[in-house]
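Next up: some structures, all given as C-alpha cells.
The two complexes that follow have subunit A in common; it is paired with subunit B in the first and with subunit C in the second.
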Partner chain A sequence: MKRLLASYETFVFLVIVLLCIIITWVNPNFLTLENLFDLLKSYSFVGILAIGVLFVLISGGIDISFTAVATVAMYVMAVIIVRYGGNMLTAFLIASVIGIILGMVNAVIIYFFNIHSIITTIATLNIYYGLLTVFSGGKWIYALPTWFREFTEIRVFTLTNANGIEYGLSIITVIWFALLALAWLILRYTMIGRGIYAMGGNPTSARRVGFDVLRLQLFVYSFMGWMAGIAGVILALLVQTVAPNSIVGKELDVLAAVILGGASLTGGVGSLWGTMLGVALIAIMGNGLTMMRVPAFWYNVFIGLTIVISVSANAYRHKRKKKRAIAVEIE
Partner chain B sequence: MKNISKRYVGVQALDAVDFEVHKGEIHCLVGENGSGKSTLIKIISGVVRPDDGSRIEIDGERFHDWHAIDAIHKGIEVIYQDLSLFPNLTVAENIALSQTIAQGHKFINWGEMRRIARKAMGRIGADLPLDELVEDIPLADQQLVAICRALTHNVRLVIMDEPTTALTRKEVEALFAVVKDLQSKGIATMFVSHKLDEVFQIAERVTILRDGEKVGTFASQELDDEKLTMLMTGKKLAYTRYTVEEQENILLEARDLSKSGNFKEISFRLHAGEILGITGLLGSGRTELALSLFGLNPAESGEVLIQGQPVKIGSVQDAVKLGIGYVPENRLVQGLIMQQSVGKNIVVTILQKLLNGLGMIDADKMEDSVARWIEELSIKVPSADSPVQTLSGGNQQRVVLAKWIATEPKILILDGPTVGIDVAAKSAIHDIIRGLAGQGMGIIVISDEIPEVFHNCNRIIVMHKGKFIAEFDTAQTTEDAIQDCINRAG
Partner chain C sequence: MNRKFSHTTILALVMIGILLLMWALNGSQFLRLGNFQSMAFQLPELGILSLAMMVTMLTAGINLSIIASANLTGIVTALILTRFVTPETTGAASFAIVILAVGAGLLTSAAIGLLNGFLIANVEVSPILATLGTMTLLNGVAIVMTKGYVISGFPEAIRFIGNGQILGIPVPMIVFIACAALMALLLTRTRMGVSVYMLGSNPTACHFSGINNASVLLKTYLVSGLYSGIAAIIMMSRFNSAKADYGESYLLMTVLASVLGGTSAAGGFGKVSGLVIALVILQIISSGLNLLRVSNFLTIAIWGGILILVMVINYVSEQYQKRRTA
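Moving on to the complex of A and B:
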C-alpha cells in the first residue's frame, strides 16, 4: 500500500482526477459516459501506438519511425481492399504483416550495424515516408468499401442520450483493450517480456544470463511495427479517409504519453498501467481544453508543461530517495 | 573426491598456464592488472576460447569445445565485478531468472520464481527482501543476490572477480562467512582480489600470475605479504612509514563543521607536508566531509580557515581558487571524461593558465604541460592523444592525479586513491603522494584500507557516524590498534 502511494503512477492518477474535477466544474458535459466512450474511441489510435512504444522504451531503445510504419501499412491496406475487396480480417492482416516487416527492418539495422535506435528509426522514418510519397503520388483515398465504413459503427452496447442520439462502447475500443491485455500478458508472464525488461535494465547481463538479444530486439521492433500496422487500420476506420501525410508529426505525442506514464528513456522501466494513464492524461487535456473553450493553440503549451512538471517530479523523487539512502547516521 | 581441473596452453594473454581447482577448495587468483587473470576467468567460464593445444578437463573428462553453456552445465558460475544484476527487477527475479532461462521456460510462474529465490537464499542463510528492486538495496546485499543467483544452478565452482572492492570491512567478513559456508557444502570458490590481507584470510591456495605466465601455486601458509608482493610484481616492495617533523605551518583548519545527515562537530588541522589519513567504515561520513571541503557539499555550520584566514567554500570554484584539489573516490564516474584524450583530461583544470594573449588556448603551452605531467607521474600511455578509457585502472588514476596536481594545489584531498588497482600501481601512487607532501603540499587521504593509511600517513583520524572518534600518530601506534578502534565503534 505504501509502495502504491509512493509510485509515480499514483501521482499521474491524482493529476488526472484533479484535471477531471476542474474541467467538469467548468463544463459539466465533460464527465459523462457519452464523452468517455467518445474519448475511448478516438484515442485508441494513440493508445495502441503507445503500447508498442512502451515495449521499445522498456527494451532500452526508442522508435521514431512508427508513424511512418502506420501510414505505410494503412495506405497499402487501403489500396488493396479498394482494388481487390476483402473483409476486416484481411485489412488487419495486411496492415499487420507490413507493420511487422518494417519493424523487423529496424531491428535488423539496429542489431547488425550496431546503430543507435534513434538514428536508425529517424532514417527509416524518412525512407518509409519518402517511398510512400513517391509511390502514392500523395494521393488521398476516399472511396473506402462500405463494410469498412460499417465496421466503425459497431458497438458492444448502445445507450441513448437525452437528445435521442445513440452512443456506446465502440468495437474499436475493444480492440485497443484486447491488445492491452495481450501486451500485459506478454510483459508479465512470458520469458520474452521479462527479457525485454532485463535487456533494458542491463544489456550485458541479459546476454550473460542467456537471453538471445537478437531475438528480443526482433520481437520488440516487430511488435512495435505490428501495433503501428493495427493503429494504421484504426485511424483509417476513425477518419474514413486515407492520406499519406495524415499522421506526420504525431510521433512526439505518443512518446509524450508513454513518458508521462513513467517509462524511462534509459530503458528497463515502464508499465502498461502507467502508459494508459499517460494516454488518458493527453486525451483529457486535449478534450478538456476544448470543452473549457480554451483556444486549441494552448494545447501544445499545456502538454509541454505537463511533461516538464511530471517528469521533474519523478526525477526529484528519485533524487530524494537516493539522498535518503546515502545519509550518514549521526548519533 | 573429484578433482575439477583445467589446463590451458598458449593463450595469447596467457602463456602455457596450468591451473587447477579441487572440490570445495578456496583458491585465490592474484596478479597485477594485465597479468591475465581476467582472461583466465573468461576461458574457464567459456566466454573466450583458448588457443589450440589448450586442454580443459572437468572431473578428468577432456573437453575439446568449451562454451559458456558447457561451463554452466558443469556447475561453473562467475560473479563479475559489476555483479551483472538487473537494477530494475526485483530481488526474486534477479535470483531466479537465469535458472528459468536455462530450463527453457517460455512462461513465467511468479510463485515458482519466489520459491527458487527462497531456496537459494536458504542455502547461504541470507534474508533479502524478495520484492524490492535490486537498485534499492545496499551493494553488499546486491552481492548476495549475485551469489544466490549462482547457487540456483547446480553449482560446483563459484568464481568471484574482485568481490570486495566496494564493501566495508564488516560486509567483507559476512561475504567470507558465505564463502566458507559454500565450502562446507563442497562448492569450490575461486577468488580474485587485489587486497592481500583478504587473500591470506580466506585462501587455502594461491595462484600467482605475472605477465600471462604462472609464477606458481602456493599454500597460503607458505606466503606472507612481502613474499606474495614480490612474486606478483617481480620486485621487492618494502612498506615504509611516512613521518614528518612537527610542522608549524597550518594550511587548513576546520572548526566545528557540521551538516545534518552528513557529519557533526568536525575539527582538525592540516599542516604543510602532512599526509593526514581519514578512515572509517563506508557510510561514516568521510566522503561527505571531503566533498564539503571541496565545496560540493557545503557544511551548514562551522568554520574553515586556510593559512589562518577564515574562508567560505560554497562551490568548487571557491575551493579551486583557495588551492584545494580533490580526487574523487570513483575515478570513472566523477574524475574523467572517458572518451577524451589523456592530454585533454589533464589540462582541463588549468585551461585558464594556458590562454594566450587572444584568450585562445596556446597549443604549445598545452603540449608542454601535458608532456610534463605524463612524465612526472610516469603515466604509461602510447600517446597523449589516446582516449582515457583505453588505459588501465592504475594509469587512469594517475591521470586524475595529474589533472589536480597540474593546478598546483596547496591542499590535495584524495578519496580512495588506490581503489581497485594492483599492488605495484598502488605503491607507485603512494610514492607520488609522498613526493607531493615532501614538496610542502598538505594531503588528506581517505581510505578504508588500514594498511594504506597506516603506511602512508603521519596522522590518522577515525570517523564513525559522522564524528571523529579517535586520532592516531602512526609513529606511535600499530595497524591492529586502528583496526580495533574501528571494529569497536562498528
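Moving on to the complex of A and C:
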C-alpha cells in the first residue's frame, strides 16, 4: 500500500483525477460517456504509438523514426487498397509488414554498426520520409474505398444521447485495447518481455545471463515498427485522407506522453499502466481546455508546464532519495 | 603510418569527394561565385543552431528547445521593433531601437538558457526531458504572444544582419565564423571548456576532481540559449518576419550535423572544426542537388544516408585499427 502511494503512476493518476474534477466543475459535459468514448477513439492513434515507444524506451534505446514508419506504412497501404482493392485485414497486413521491415532495418543498423539508437533513427526518419515524399510527389489520397470508410463507423455497442445522436465504443478503441493486452502479456509473461527489461537495465549482464541481445533488439524495433504500421492505418481510418506530411513532426509529442507516464530514458523502467496514464493526461488536458473554452493557442503552454512540473517533481524526489541514502550509509 | 585516421580526416575526405561529385554533375555552374555566396547565406542559421546543440551534447546532454527558444527570441525582438519603429522614426532613433530590440531578444534567450540550466543542473532533470518540456512551453508562450500570426515589417537596419554583405562576404557568414571561433576558443582554451569535456566523459570523476558540475552545466545551457538567440536574430532578419513555428525541421538537423561532425551522443567528444566540415558537406549536397533541380526531400533522405554512411565508415575503420594493434 505504501509503495502504491509513493509510486509515480499514482501521482499522475491523482493529477488526472484533479484535472477531471476541475474540468467537470466548469463544464459538466466533460464527464459523459459520449465524450469519453470520443476521446478513446481519437487518441487511439497516439495510444498505439505510445505502446511501441514504451518498448523501445524500456529496452534502453529510443526511436524517433516511428512517425516516418507510420507514414510510409499508411501511404503504401492506401495506394495498394485504392488500386487493387482488398479488405480491412489486407490493409492491416500490408501496413504491419512494412512497419516491421522498416523497424528491423533500424535494429540491424543499431546492432551491427554499434551506432546509437537516437542517431540511427534520426537518420532513418529522414531517409524514410524523404524517399516517401519523393516517390509520392507529396500527393494526398482522398478517394479511399467505401469499406474503408464504413469500418470506422462500427461500434461494439451503441447508445443514444438526449438529442437522439448515436454514440458508443468504437472498434478502433477495441483494436487499441487489444494491442495493449497483447503488449501487457509480452512484457509480463514472456521470456522476451523479461529480456527487454533486463537489456534496458544492463545490456552486459543481460548478455551474460544468456539473453540473445540481437534477437531482443530485432524484436523491440520491429514491434515498434508494427505498432507504427497499425497506427498509420488507424490515423487513415480516423481522418479518411492520407497525407505524406501528416504525422512526421509529432514524434516528440508521443515521446512526451510516454515520459509523462514515468518511463525512463536510461532504460529498464516503465509500465504500460503509466504510459496509458501519460496518454490520458495529454488527451484530457487537450479536450478539457476545449471544454472549458480556453482559446486553442494556450494548449502548448499547459502541456509544456505539465511536462516541466512533473519531470521536475520526479527528479527532485529522486535527488532527495539519493541524498537520504547517502546519509544512511554514513551513519 | 601508425597514426590512426581521425573522424575529421574521414570527414574531410568525404567533403572533397562530394565536392568533386557535385562539380562533375553540375559542371562550371557549381563553381560560380554566386553559388558560393548563396551557400554562405544559407549555412549560418543551421550552423549557429548546431553549435547551440553541440555544446550541450558534449556534456552528454541535449537541448531540444533551441528552435522554440529561437522563435520566442525572434518574436520578442520583432514585437519591440514593430511596436516602436514607425515610418516617422529617424535613422538614428531607429538604430537605437534595433539595438534595444536585439538586446532584449538576446536577454530572453539567455533567460531561457538559464531556465534549462537550472532544471538540468539543480533540479537534476535529465536534459532530454527538461528541454522537451521547455520546448513545448516556449512554443506555447510564442503562440500565445502572437496568437499564431506572423509578425513582419522590420526597419532597414535589422534586415542588414541577415541580407547584407561586407566586402562581398554575407553578414550571416561573418556572424557564424565569429560564433564558431568563439565556441572553439571557449572549448579548447578555457577552464570551462575543459570541464565541459570532462563532465561529458565522466561526471563522477569530474566531480571528484574538484569541478562544480552544476555550475558547468548551468553555463553550458546558458551558452546554448544565447547561441539560439543569435541564430534567431539572423533568421528573423533573413525572413523579415517572426513566427512561433519557423524552422521546426531544423531541430533534428542540428543533431544530425553535430553527430556527423564527430560529436558523440554519449558526451565528451567532438570538435567545432568537425562540425564546420559537416555543415559544409550538408550545404554542398543541398546546393548541388538544388542546382540539379532535385526535390528537397531527396536531399533530406541523402543527408540521412550520409550520416549512416559516415558512422559506418567510422565503425569499420575503428574495428580495422583495433585488429591491427592487437
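Keep in mind that, in the parts below, the second predicted complex is superposed on the first by the 327 of 331 C-alpha atoms of A that agree within 3 Å, B and C clash if a C-alpha of one lies under 4 Å from a C-alpha of the other, contacts with A are read in each partner's own complex, and residues count from 1 in each chain.
The rule is short, and it goes like this: a contact is a pair of C-beta atoms (placed from the backbone, for glycine too) under 8 Å apart; a residue touches a chain by one contact, two chains touch by 3 or more.
Small disclaimer: the values here were computed from a predicted structure and weren't measured.
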Examine A:191 and indicate which partner it touches, taking first as subunit B and second as subunit C; both and neither are also allowed.
first
Counting residues of subunit A touched by each partner, does subunit B or subunit C come out ahead?
C
If we overlay the two complexes on their shared chain A, which of subunit B and subunit C does A:13 touch? Say first, second, both or neither.
neither
Check the residue A:200 against both partner chains and state whether it touches subunit B (first), subunit C (second), both, or neither.
first
For A:118, using the defined touch cut-off, is the partner it touches subunit B, subunit C, both, or neither? Pick first, second, both or neither.
second
Which stretch or stretches of subunit C touch subunit A in the complex?
64, 119, 123-126, 128-130, 132-141, 143-144, 147-148, 248-249, 252, 255-256, 259, 265-266, 295, 297-305, 307-308, 311-312, 315
Please give the residue numbers of subunit A that touch subunit B in the complex, ascending.
188-194, 197-198, 200-202, 204-206, 208-211, 268-269, 321, 325-331
Subunit A residues touching subunit C - in the complex, by the definition given at the top
64, 109, 113-116, 118-120, 122-127, 129-131, 133-134, 138, 249, 252, 255-256, 259, 265-266, 297-305, 307-308, 311-312, 314-316, 318-319
Inside the complex, what are the residues of subunit B that reach subunit A?
69, 72, 80, 82, 84-89, 93, 97-98, 100-102, 105-108, 136, 260-264, 283-285, 288, 465-467
